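Quick one: this structure, given as structure tokens, is what I'll be asking you about.
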């Protein structure tokens, strides 16, 4: 540092300025829309504030209320955990299955691929409303079809035991993104490895187990971790499904019962809304927000460490 | 990273036409034609079954959209009468056009701002060497993974109480002018694949860094720009939480996603009209997809990638 | 309740130092701004505007069905004719959550006059001074509320002595029954006590396989309108003690309510079977409501159901009566749960005198109240309007007007956190009817603790 040539120093300063200029929009955005609100969320989590009267210091009361007394916190966390375990694993297995299928289809492959991909594009509110209708237990087409085959007809979104499976079905329907990612990964598996395995007498399952899987394992990890993070953010679908299935729509002057039926569709992001924008208990909403933040960052850290480069900050 | 793009459908337009794994270069002798036929049947039977799963919901929604009120909640799956007028009824519902206009404003302006402001950031993160770069990249990723609910309480107070902008879409559009983390991330991933020699050559020609970016790199990044723009457009189009928080109190600022849900409330659960509205919200997305299929699939692949 | 909905509620750590310090400073500055601007809603009733000046009022309401919107618009037009200096801008289809949000946010587009279907939120609006105290306005206009509005409606429009809203039409809840089904089962009159009601419900129930071709009554709490507070009005429950603490575990009426409902669930085939039947019901606000289709023969509902059933083409004769009362309390027969739309003036409004003129017109002008009640088929909310000869003569409708006038009719008490306590009890209901909660006493004690904690957190 001590022997730097003055011209070099000037050039360095210029280059630092240039970098700062390029980065400026984001530096501003980061501070105003990330750093500041995060600190403010922490601040409010210790305050009592209803939106009308000035915030007052509330110590750890909001924290103990959320963890001990708020009736929706643990059900929401349990539901989110259920979805993380069941929905994410089914989505990864199904996505891989559809990816495998689409690489083997010889007739009209483009058409099939489009069919499989299309539902991913359906706007979530529209897709959810469509599924609530399709899975309407009394008159919905799904149960009508099940009836034709003499199969049991579940209550889907109207039955606390079936509402999460119904949401999972909706998530499987929109598998298009994972399918494409897996398809690309499958096509990248070196062909000679399959040939070598075949010469060694490996059958299709052994080839899948010893050639395909090791080759696509980084993609699998990527799919699992991003799936977990997405699931922790799961908001629109369960909320709309609950509202529409219960027959209570937000626009018409009534409060809705969150998580209909029986809190079975309540997820962690929804209780931030419930506390912050229905109960106007700003402090407790911020406590839940911080819990959600910690969970998401923990999984993001896993992705950055183990993601073998996907999300690596290095190039 | 550097080899990803050449595996994309752009250079291999029909990935499925390439030999699929497992079936590759296999001598036909041990299996014979019969086995191959059986496999063809099995694979295509499965594919047809899967296609039914993916397509039937659309079919039922469409069929219900053209049913009469009285039929929509019966077990008849095929319309007795074809009420094409339902679409017209929905289109003419007070507010529907406003929701369209608002959605286009939010998605259109939001996309232009987000992509425009993210380009220099992604460029700097991909091409400049500076201290703290990795740290900044981590911050971008952290912000990308952050659920909007985490910071919503202070953000809402900021926009509504400080700036008096609740009941409008501005709290959703303005932040787009300050770089969108997902867009920055994807663009940076793509820009890393462009060899440094190009920008260096431009600089030797006397271009400043900004001109090197605009004249040399951006034209090469056109497909990636198209992909991120599409993603962002669809993100805004589909956004429900944002409008629910900021725009819901003013029906004049509702977007399609938000309005669609209230549609059912105002129409006392006329499922046929609700499904017709659903079709009208899904349709533009699907039309855009057919025009921009390639950019889309490249974009999806870009997210998951690095071999 | 305004023509329809509502009922359902009855639903890298090593960042460089400098940028971090700057960020922190920015955060601190913004936080201070937030604190300074945080107390918008709490200004007192400084109403100095001239009600005769040219002005534009913003009025928010929750009505959304086309016929209802038309009716309220007609009402507003009548007001504008009387007050040519005032123009009213209406915003329809505003939910209570949004109302709460907007009253907090304040700002240029925020409303001057607001109406809400959720009577349960009056406590919150009054306690937080979000809505202006109407007492001085009433006094100035020479209106004596006690002589103008029915008592139960006066009760639910105030909170702890603060009158921050007035009633704008009401909803009374009673019993609808299928007269044809009654005749077929040999039942002559609607039941007056709950034991009679149970008998009738059983007689009307026809099983078919593992389901029903006709169910006497859907007692499950997820069944439409069969909520704790609607039953509660009949059982005379108080919810809170004199000190404002939850007192359900020690309330014999509350225990009787839960016990009666559970026994009826079991008598009609059990929770599971009823739930399966319930999942086949059409939407509550649609044409395929189970009462319209004959899937259930009796329905607890508000005054709007009769008209909706006829419009949906129900092909049987409809009977109406008050809901039954517990055995031994026959003298209180005729009462029912009461609710309604409330209307108030935003404290943040700079046009409170003009806003009061609109509130006064909507809530006390007999013709306006009668016309609006007739148009949207709600119960009128002034004593004079209830006696008006111009009021709809339909006997089914009149049943509900009578329930609204009954001295025993009541609403569930207001609280600082709105209807949260009712949702807690409703949750206990789901748990108890399904058998997840075995002990009613333990369940009620748990609910009481929850309600007290929620109130403490909100208060």
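Going by the order they are written in, the chains are A, B and C; count residues from 1 in each one.
In the analysis below, contacts are C-beta pairs under 8 Å (C-beta built on N, C-alpha and C of every residue); 3 or more make two chains touch, one makes a residue touch a chain.
Remember, predicted model here, so these are calculated numbers, not experimental data.
Relative to chain B, the most remote chain by averaged C-alpha coordinates is C. More inter-chain C-beta contacts link the pair A-B than the other of A-C and A-B.
Here A is the chain whose Cα centre lies closest to the centre of all protein Cα atoms. Annotation: 41 Å between the Cα-based centres of chain B and chain C. Remark: chain A and chain C have CA centroids separated by 36 Å (rounded to whole angstrom). One finds 15 Å separating the Cα centroids of chain A and chain B. Listed for chain A are residues 32, 36, 40, 138-139, 247, 249-252, 277, each touching two or more other chains. Residue positions of chain C touching 2 or more other chains, listed in rising order: 4-5, 30, 34, 38, 40, 64, 93-95, 98, 101, 104, 282-283, 285, 288. In chain B, the residues touching two or more other chains are 73, 135, 138-139, 154, 157-158, 248, 262, 265-266, 269, 271. Here chain B touches chain C in the complex through residues 69-70, 73, 132, 135, 138-139, 154, 157-158, 160-162, 164-167, 248-251, 262, 265-266, 268-271, going by the rule given at the top. Taken in their complex, chain B has these residues touching chain A: 1, 7-8, 14-26, 40, 43-44, 46-47, 50-51, 53-55, 57-58, 60-61, 64, 73-75, 77, 117-118, 120-121, 123-126, 128, 130, 134-143, 145-158, 175, 177-179, 184, 192, 209, 234, 237-238, 240-241, 244-245, 248, 256-258, 260-262, 264-266, 269, 271, 274-275, 278, 281-282, 285-286, 289, 293, 297, 300-301, 303-307. Residues 2, 4-9, 11, 19, 22-24, 26-27, 30-31, 34-35, 38-42, 62-64, 93-98, 100-101, 103-104, 116-118, 124, 128-130, 222, 224, 275-276, 278-285, 288, 417-420, 423-424, 426-427, 430, 450, 453-454, 457-458 of chain C are the ones touching chain A in the complex.
Those residues of chain A whose C-beta lies close enough to touch chain B in the complex are 15-16, 18-19, 21-23, 25-26, 28-30, 32-34, 36-38, 40-41, 44, 98, 101-107, 109-110, 112-119, 121-127, 129-131, 133-134, 138-139, 141, 144, 147, 173, 176-177, 180-181, 183-189, 191, 194-195, 198, 204, 207-208, 211-212, 218-219, 222-223, 229, 232-233, 235-236, 239-240, 243-244, 247, 249-252, 269, 272-273, 276-277, 282, 285-286, 289-290, 292-293, 296-297, 299-300, 303-304, 308-315. Residues 4-5, 12, 14-16, 30, 33-34, 37-38, 40, 64-65, 91-95, 98-99, 101-102, 104-109, 282-283, 285-288 of chain C are the ones that touch chain B when the two sit in their complex.
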